[in-house]
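Read the structure below first, then the notes.
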Amino acid sequence: MSELFEPLLRSYDEKRRAELVAAYMAVEHAAEPVPEVRFPALREPALRRTVEEMLALSGRTLVRTAVKGGSPRWTSAYRDDVAEALAADPACVPPPDERAVLTLILIHSVAIPRATGLLPDDSWLSPYPTPLEELRRRSQLPIGELEAALRRLRLAGLVSQVKAGPDEQGGFVPGPQFHRLTEAARRRLQEELILAAGPGSPLAATIRARRHSRARAASQQAAAQQSGAQQSGGAEPTHQGENE
Amino acid sequence: MSAPVPAPVPSSAPSSVPAEVLARARARLLGAHSIAVSDPAPPGLVTASDGSRVWLLSPWPDGATPAVLEEYDIAPMPLDRPGQARRVLAAALRCCWPRLDEAPWPGERVPVGDVLEVYARMSRGDPELARRWATGELRRLHDTGWLLLDEEAATVRPGPRIALWPEDSLGSLRDLIRRLPRPPEPLPRVDEQAAPADERREPDVPHEPQEQGGPVEDAGE
Amino acid sequence: MSPTNDAASLDDVLVGEAVLGVYRQMFAALARDSGAVVDDPEMVDVAETLLAAFADAGEEGLSREQMRYVCRRYPAEVFENRLRVLKGLGAIREVFPKPNQLRYRASFTSVVGLMFIRRMMLDGGQSEMHRLLALEQLNVADPRMTVEQARAGAEGLARAFRLWSVELVTLTNGTIEELREQAPKLWGTEEILQRAERLHGAILRRWPQLDRTCTDLRAAIYAYGDASRRAAARLSDSAGTTRNLTLLPPETWRTFARTASREELAAVLEGFVFDAPAPWHEPAAVVTAVQDGPRATPPRPAPPRPSVPDPGLSEDASSDDAAAERLRVVAEQVLRGRDRVAVEEVLDQDWTAARRLLADLSSAHLHPELPYRLVWSDGLDSRPDGSPTWLSPGVFERTGT
């Protein structure tokens, strides 16, 4: 069923073609970002561009995650404009109970370890589990709802369970799906958390001010475009930051 | 204080994404969702139809499947108890895929009890516990598009993702399914139902007995 | 500060001495010796340990031995040094309840001072500023407050805001790491700024003649707000997609997590989309799973169907939950409210029952959602008269909090 990709793949010889397909499948399906050294089609910029185009057919894009000192790694994510459009569709948005549990896990596993200086990496993944007891006893979520939501989140790779070891507590951490966020989406996640938990902080004020001015600029631009009555087609991707 | 920030350009954002791109993104996001046969399927998607509904699935280039990852020794999205999930899937296929020379999709609708029974016979240990684990697994296989579970009618049939299996990868699976314990025969209300040695089972008549030649086993009862 | 001024009256000297006394007591906890501030935070800990012990001891006070005992984890010379300084500054006083009996008592002021110091260390004075503003607001409404007091209060606040601004501006022009670390202690939340402006308005309404002072105060508040915003803007421009999470203190995060409603929590992830679960089962992997699985020994005549009618799906609807629940019940019966129990203790029954129980405990251990663990240590214990007759020592215990 590859007619969709045919126009992009046609011009490549068999070997290149196989490399492109392998890279495409790897970034789309691996749990973790894949190292580019393993995939020629990720290593070579021209081929990588084709992978990017293959992904774009389904509204996706390459996301690069650099590890300090290591070779670059790649995964895929929804493009910001596509994610925004999908989020407008209620069928595509996780239900509130799942989102609520996920937010709690992001706070306990990422925000708090970050704020206490335990978590050095700039990532939404974390080795610090949120204990089930914390979710059960010290949140406003009903227990029944909580456990059902956790089960679904685990199935979807949105949270991972960490079994208790001899010395450490078990619990839940953000799952591998959190690799699959564009830089803009990761930034926005940080902003949303700060707006929610510290609405009175200067940082929240800055975030709000930025969004207002960006929204204003965008609507002015839209108005200008309309009055200019100029129908240029290809609105290009990867702009987001603003939202709902 | 934290007044919601107005949407920048309410209607222009969605329109900037071509409709068929959005449709393919949506298909990936929802996993395996279905539309009525009469609805037009967006272009560029793999479709699996059972005659009344069409499931929309993400296309992969050149017949590749995520099994490619194995060649590169790269871990796929983690899965709890993958072995158990796959054994339950095998048990389900033992029941839902009676004509093994054909494709497993769309297969047939069978009572959930049959699948649980096959699974219990495949497994060691407490059969009651095995059935319970299997029920949870059936539900997860349903949630991920590998089976279609009708909880009310307590029936199960193959899910649309099975349609993604390339024909040439099915050889050893066919052999395996053939060797699995057979589904139980229905409760012998009219006792002598072994007559029609044919394997066709109408989806609507799930309790029709099944006779498959081979060594006759005591199927219980 | 010392009473060296010959022209000062005796009263002045006494007042000066009293003020100095308070200062000394307040900062006694920080003093390295009578002349300087400590350079090792452990020395503050000694003071805190002692003051806590005094609070517990009540009017009796403490003897020297008792003080040494509560400070036993500190080396003798550290303890001696602290005691000397704390005594010298009046934080700890000697009393003689009976002739020949020496006891010690602690000063209330030192405890308050220590609380103040700890809070200052925690948030750089944010909460003190809140308190101060609240207090001033009360004062302004107090009919006994004089215009001079009001002026002094307003000038003090203006000075504090200016100093804060200066520090923030310096930081904002420095390295991003330092700014990120220090800003949360220095910058003003909207609440502080609003409070300050309210206070400013209240002073001006009651004492219009203080308009000069109030103009100053207003300018200081604005400058502070501006410095805060500039620091925030620099931080939000900085690279990184989780780094700014450090800008809210852990307590703020915790409070939000514990008090927010489901809707408030869910709103954070509004607009984010995630893929539905889509694990892949390759046909070959299904084959392997069956072949490698724990199999019923070679295809055998299947056992008769259970005589119990098939519960069907509807009743199995929560089978996972039911299984987990059953295991939880078993586990709790075994633990009987304890956090851990020796396996051999609970297996002290006939072997069939023991084996079944052991299977359940292992299942509870393996169940991803149950907070139990089965831990075996190495080695085997033989129990000639027990059943089973040998056992490797193990514990079944609760994980989680």
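Per-chain residue numbering starts at 1, and chain names A, B and C are given in the order in which the chains are listed.
Note that in this section a residue touches a chain if its C-beta (ideal position, glycine included) is under 8 Å from a C-beta of that chain, and two chains touch if they have at least 3 such contacts.
On a predicted model such as this, the values are computed, not experimentally measured, just so you know.
Put simply, the chain nearest the middle, going by average C-alpha positions, is A.
Farthest from chain B in terms of Cα centroid separation is C. Centre-to-centre separation between chain A and chain C, using Cα means, comes to 31 Å.
The distance from the centre of chain A to the centre of chain B, each centre being the mean of the chain's C-alpha atoms, comes to 29 Å.
If you average the CA atoms of chain B and of chain C, the two centres end up 49 Å from each other. Across the assembly, chain B contributes 1, 28-30, 65-66, 76-77, 80, 143-144 as residues in contact with two or more other chains. Touching of two or more other chains is recorded for residues 190, 273-277, 280, 368 of chain C.
Residue positions of chain A touching 2 or more other chains, listed in rising order: 29, 78, 84, 86, 92, 154-155, 157, 196, 200, 243-244. By the touch criterion given at the top, residues 187-191, 228-229, 231-233, 235-236, 240-250, 252-277, 280, 368-369, 371, 373, 375, 399-401 of chain C touch chain A in their complex. Taken together, the chain A residues at the contact with chain C in this complex read 29, 78, 83-84, 86-87, 92-94, 96-97, 99-104, 106-108, 110-112, 114-117, 119, 122-124, 131-134, 138-141, 145, 147, 150-151, 154-158, 161, 163-164, 166, 169-171, 177, 180-181, 183, 185-194, 196-198, 200-203, 205-207, 210, 243-244. Those residues of chain B that touch chain A in the shared complex are 1-9, 12-14, 16-17, 21-22, 24-30, 33, 43-44, 46, 58-66, 68-69, 71-72, 74-78, 80, 140, 143-144. Partner chain B is touched in their complex by these residues of chain C: 190, 273-297, 299, 301-306, 310, 312-314, 316-317, 319-320, 322-323, 368. Those residues of chain B that touch chain C in the shared complex are 1, 28-32, 65-67, 70, 76-77, 79-80, 82-87, 89-90, 93, 112-113, 116-117, 121-125, 127-129, 131-133, 135-136, 139, 143-146, 151-152, 154, 161, 165, 169-170, 172-173, 175-176, 179-181, 184, 217-221.
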